[in-house]
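What follows is a set of structures for review.
Two complexes are shown next, each including chain A; its partner changes from chain B in the first to chain C in the second.
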Partner chain A sequence: MVLPPVAVVAVFIGFPVGAAIAYTLGKTGGPNSTVSLLAQRQHVAHHGVTTAAYREVLGNSHVRADLWATVWVTLVTIAVVVLLSWAIGLYLRLSDTRISRIVSALSVIPLFIPVVIASYAILTFYASQGFIKTLAYHLGWHSFPTLGYTLWAVVIGEIWVNVPFGVLMMSSGLNSVPNALIEAARDSGASLPRTVRSVLLPMNVIPTVIVATFTGIYVLGSFTVPYLTGPSAPNLMGVSMANFFSAFNQPQQAEVMAMIVFVLAIGIGTIYIWANVRAAKRASSTT
Partner chain B sequence: MSAVESQGVALGGLEQAELPVARTARRRRPTARSLTLRIVGTVFVLALLVFMVGPIVWLAVRAFSGLWQYPQFLPSDWTLQWWRTVFDDKTLGHSMRLSFEFAPIVTVASAAICLPAAYAFSRFNFPGRRVLLVSLFATNAFPKIGLYISMAGVFYSLNLMGTFLGVVIVQLIGTIVFMTWIPTAAFSAIPRSLEEAARDVGAGPLRVFFRVTFPLAAPGIFVAMILSFLAAFDEAQGTFLVGIPNYITMPTEMYTLVLNYPEQAAAVFSILLAIPSVVLMSLARKHVMGGKLAEGFQIR
Partner chain C sequence: MKARLLAIAVAVLVFVPAAFSAVDAGGSMHAAKKANAGTTIVVYASGDVNVQNLWQNNIIPQFEKANKGIYVKFVFSEHGTQDGTTLARIGAAVKGRHWPGIDLVDGGLVTTMASAGLNQPVKKATAPNLKKVNPDLLVPVKGNAIPYRGSSVVLAYNTDHVKSPPKTLQGLLDWIKANPGKFTYNSPNSGGSGYSFAETVVDSFLSKSVNTQMVNDYVPNLESNWKQGFDTLHGLNKYVYQGVYPNGNAAVLTLLGQGQIWVAPVWSDQALTALKNGQLGPNIKLSQISSPSFTGGAAYLAVPKTAKHKKVLYKFVNYVLSPKAQQMIVDVMAGFPAIDVKYMGDAIKQKFQDVDANILRQTYNTKMQNDFKAQWQQTVP
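Here is the complex of A and B:
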């Protein structure tokens, strides 16, 4: 029964990824023969493998700039999304007023909007004639910087897209903390920050790790948000990958970049899996 | 009522927000502190409102705008002409129809492939279960564009480029995580004792599944189907790469629109494209907010 989805993943993801690994190492035969037919600047290994494509890509200063931009945007987005999800999650956990219900509704709005549209909307909102500039103008701040087509717009877009998942994860995690525990801490004189630090935080490591890792992986592999809102260079790896593939007709270099991002994503994914396995072990040892 | 009891009532009841504030406020500097907190809270909510809803409203207004000069908050001239432009454009109508063809097919195919697996993942503890469950996560971890590029190579060899099936497969890939993980959590949440009880009173395995297991797991499956539908409906990159030139769906068309059409037409198209998402997510809202999505991402 488990076979069908695993088979789909194996055939349409595992196999292409395997082929892509071989291709980046200079193997142009087999499943890569069609792609390599028209590709430019290919590094071909006639015997064994070659790391020439990796050396070329990593030696390219533009790619390195894109890589740093990707890492920077990913880290900033993770930090903000985790903080924001915690703040909203805590607020929703400790409060049930009309305002908190509005906040909860606001924070899931991005779920309802396709990413293409969100990116476009965010671009126009922060553009040189967008709302933020207009607002700044009326407030007398005429030299307010235009965020559209900068990495800041990318960060804003990625945060916007990732907030609902973060809030849903964190409020689900925080809701599973029994009221009795919070009350006990408060009654023994713990302040609210102390209660958060010593009760809520230790009990919500897993949801926090999930929010951080999934946000990170999403940003690393994203294309639409940076493509529509970001600068032409340096931009995120997803965009430059697509450029190397279609505009420069260098699929091998594009795949090398995909591998670099994949390695980063695997690094993040390992944290997620480690945290989950640790939690599952602990759960099974206590019951 | 003791202090503990009143706390319990407060936390479980309606006025939870006031609790931490009221508590410290009662002890020292009552008004100043609560006032600051209230102001900070209001500013935060307002900022969140602008951040979350602002861009959407700004774009929606654009769809009805004639003349709109910077720095004015609203257009000086309103019009519906951009809606006519979009509706009169035959290629745009075609891409809308295509989108509504692909998404349901992909959702049903994904359900057929993944739901039995989700049931197996939750009910049987076979060796390698967790490894397989996590391996499906590979669909999320590999950068999509890199994946599509390598998929394209394989698709050429299989003659799937530019075909209906090729697009279905590309969109299907993006739904597998939702369709497996969320229903797995939904099945796992059903106590086995319920199924055993039904079996004890003489129900066959099929009857148990359809009368007990399935109805209880239905909300989770429903959420998974909606999310899959939207994932397929909104998928742009892979469809663009594999479907071109025969199958241009709405989100793929959006890339061109943003670059080649007036902003207002793109705004109109955006609203049209957002309608299915808004309607479907509103249907699933209760369950998504209720934790069905969150449960799915904690592997057990």
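Here is the complex of A and C:
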């Protein structure tokens, strides 16, 4: 009974991935014959395999600059999204007022706004004649930096896109912590920060890991936000890949870059699985 | 039970999109039903909505009205997002000698198809109006694609701030340096207007013969000649708007419309449309520079080698190249006619006597362009 789903995954995902890996290693026959008919500047292995495409891409200092940009934008976004969604989640968990309900509604709004529209809005908002800069100017800060078309605009955009998911995960995780535990801690004299650190934090590790890993994987592969709001160079790998694939007609190099992103994503995925396995072990040992 | 569910799921996944794409391709189920009575040809086009409007609301209905019994299915891909898959689909079909499901292609992929040898050569076409087209336009595509309209890149400037626009490329470069932050062009890989500016600067350092070879052929060993031009472009980084090259032709038009930049290279047809619908204000004017001028060129149609109903298809192509349809190109999308202006009405003759598609300065061969974009990305920003 498990066979049909496995077969579907193998045919629709496994096979194309396999063909792509073969293509990056210089195999241009079989399923890759159409793409290699049209491509430019490809490395062909006549016997065995060749790593020439990998050497070319990794030896290109501009691609390396894009890779570093991708890594730091991803790390900064993860850090801010986790902090922000923790803060909002905690506020919603500990306070039940009209304001907290408004905050909770506002924080998921980005889910309902298309990323293209949001990116243009962010670009206009932080442009050299945008709202933020105009406001800063009127407040007397004349040298306020223009964030539009910089990697910081990309970071802002990525945070904007990822915060709703973070807030939903964190608040559901925090809501599943029984009130009794929190009250017990407070009754035994623990301060609020101490309660958060010793009760809520340990009981909310898995949602935190999920938010961090999913945000990371999303940012690694993102295209629209960096394409519309980012600088000409260096930019994120998603934009670079699209350029190599279509504008430069170098699909082999684009697929090599995809493999690099894939390896990074596997690294993040491993953390996610490790955390889940650890949690499962712990759950089985306590019951 | 699970297996049956899966079978149903697979069936839904396969048939529902197929049904939708059939609706898409036909424009309506009605068109698909009508098609049973006569011959149907399938036209694929990609580009901006102005291209869609030209085909869907002008050329195709007029052609169907004049030719009872012939139906044209129109498939449109906005901004060419489907170009990659369509190209792969046609490539695979032509290699396997079966019908690709598309008979006529208009879009950026046409020149790639021409150089990959997927197209029916133009000399086999049975369209009398092809004789009205300048044969020089066939050289860059090796006689494998049909030019059907032209457009050119021009210089747009804001008359509130720029009283006399630069007349030459050197004048423009001097202006950019004298007015830091008031000029930019879109990254060449994201749109043709920025590409044209970059190529024009590079071309100004090339000899005539090198330039001609780059237009007609893929000659990677000549690419070292680009260095001086790219250095000049790199030198402009500190003078362009925020040191940034926005993505897409439209992004530059937006900056121009907002008054953030005062001068920029733009597509003539796109700018004229933007002026007409108010996206650009009346303070924006267009002009051309010289020595060298910005590039322009023809948009091409491709007939895949394994297209069906070739006879009927060329009847349609002939219609596209007729003075009547060429007039629509001028009226609807402010394009240039691809046929010699002497076949057009007097008003058109006057409007285009200086700039028709036949004398537009040609861009490089497609593969050359791809390498050019790659090198720009690595050396300029």
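Rule of thumb we're sticking to: the second predicted complex is superposed on the first by the 272 of 287 C-alpha atoms of A that agree within 3 Å, B and C clash if a C-alpha of one lies under 4 Å from a C-alpha of the other, contacts with A are read in each partner's own complex, and residues count from 1 in each chain.
Basically, contacts are C-beta pairs under 8 Å (C-beta built on N, C-alpha and C of every residue); 3 or more make two chains touch, one makes a residue touch a chain.
The structure presented is a predicted model; accordingly, all values stated were derived computationally and were not measured.
> Let's test your reading of the overlay: on chain A, do chain B and chain C clash or fit side by side?
clash
> Give the label of whichever partner, chain B or chain C, reaches more residues of chain A.
B
> For A:T224, select first, second, both or neither according to whether it touches chain B, chain C, the two together, or no partner.
In the superposition, A:T224 touches chain B alone.
> Return first, second, both or neither, reflecting whether A:V57 touches chain B, chain C, both chains, or no partner chain.
Once the two structures are laid over each other on A, A:V57 reaches no partner at all.
> Quick check on the superposed pair: does A:V103 touch chain B, chain C, both, or neither? Answer first, second, both or neither.
first
> Does the superposition put A:T146 against chain B (first), chain C (second), both, or neither?
second
> Could you say whether A:V35 touches chain B, chain C, both of them, or neither, answering first, second, both or neither?
Touch partners of A:V35: chain B and chain C.
> After the superposition on A, what does A:T134 contact: first (chain B), second (chain C), both or neither?
first
> So, A:V8: does it touch chain B (first), chain C (second), both, or neither?
In the superposed model, A:V8 contacts both chain B and chain C.
> Just checking: does A:A265 make contact with chain B only, chain C only, both, or neither of them? Give me first, second, both or neither.
first
> Should A:L200 be classified as contacting the first partner (chain B), the second (chain C), both, or neither?
A:L200: touches no partner chain.
> Between 20-28, 236-244 or 272-280, which run of chain B pushes into chain C after the superposition?
236-244
> On chain A, which stretch or stretches are contacted by chain B in one complex as well as by chain C in the other?
On chain A, the residues that contact chain B in one structure and chain C in the other are 1, 4-5, 8, 33-35, 128-129, 227-228, 245.
> Quick one: which bits of chain B touch chain A in the complex? Just the residue numbers, please.
Residues 3-4, 7-8, 11-20, 23-24, 41, 44-45, 48-49, 51-56, 58-59, 62, 70-73, 112-114, 116-117, 119-121, 126, 130, 132, 134-147, 149-154, 156-157, 169, 172-173, 176, 179-180, 230, 233-234, 236-237, 251, 254-255, 258, 263, 266, 270, 273-274, 277-278, 281-282, 285, 288-289, 291, 293-295, 297-300 of chain B touch chain A in their complex.
> Which residues of chain A touch chain C in the complex?
Chain A reaches chain C through residues 1, 4-5, 8, 33-35, 37-38, 40-41, 60, 62, 127-129, 146, 148-149, 227-228, 231-233, 243-250.
> Using the touch definition from the top, list the residues of chain A that touch chain B in their complex.
So the residues of chain A in touch with chain B come to 1-6, 8-9, 12-17, 19-20, 23, 31-35, 87-88, 91, 94-97, 99-100, 102-104, 106-118, 120-122, 124-126, 128-131, 133-134, 137-138, 160, 163, 165, 168-169, 171-173, 175, 179-180, 182-183, 186-187, 191-192, 206-207, 210, 214, 217-218, 220-221, 223-224, 227-228, 237-238, 241-242, 245, 251, 254-255, 257-259, 261-262, 265-266, 269, 273, 276-277, 279-280, 283.
> Contact residues on chain C for chain A in the complex?
2-3, 6, 10, 83-84, 87-88, 91-92, 95, 112, 116, 187-190, 242, 244-247, 258, 260, 367, 370-371, 373-374, 377-378, 380-381
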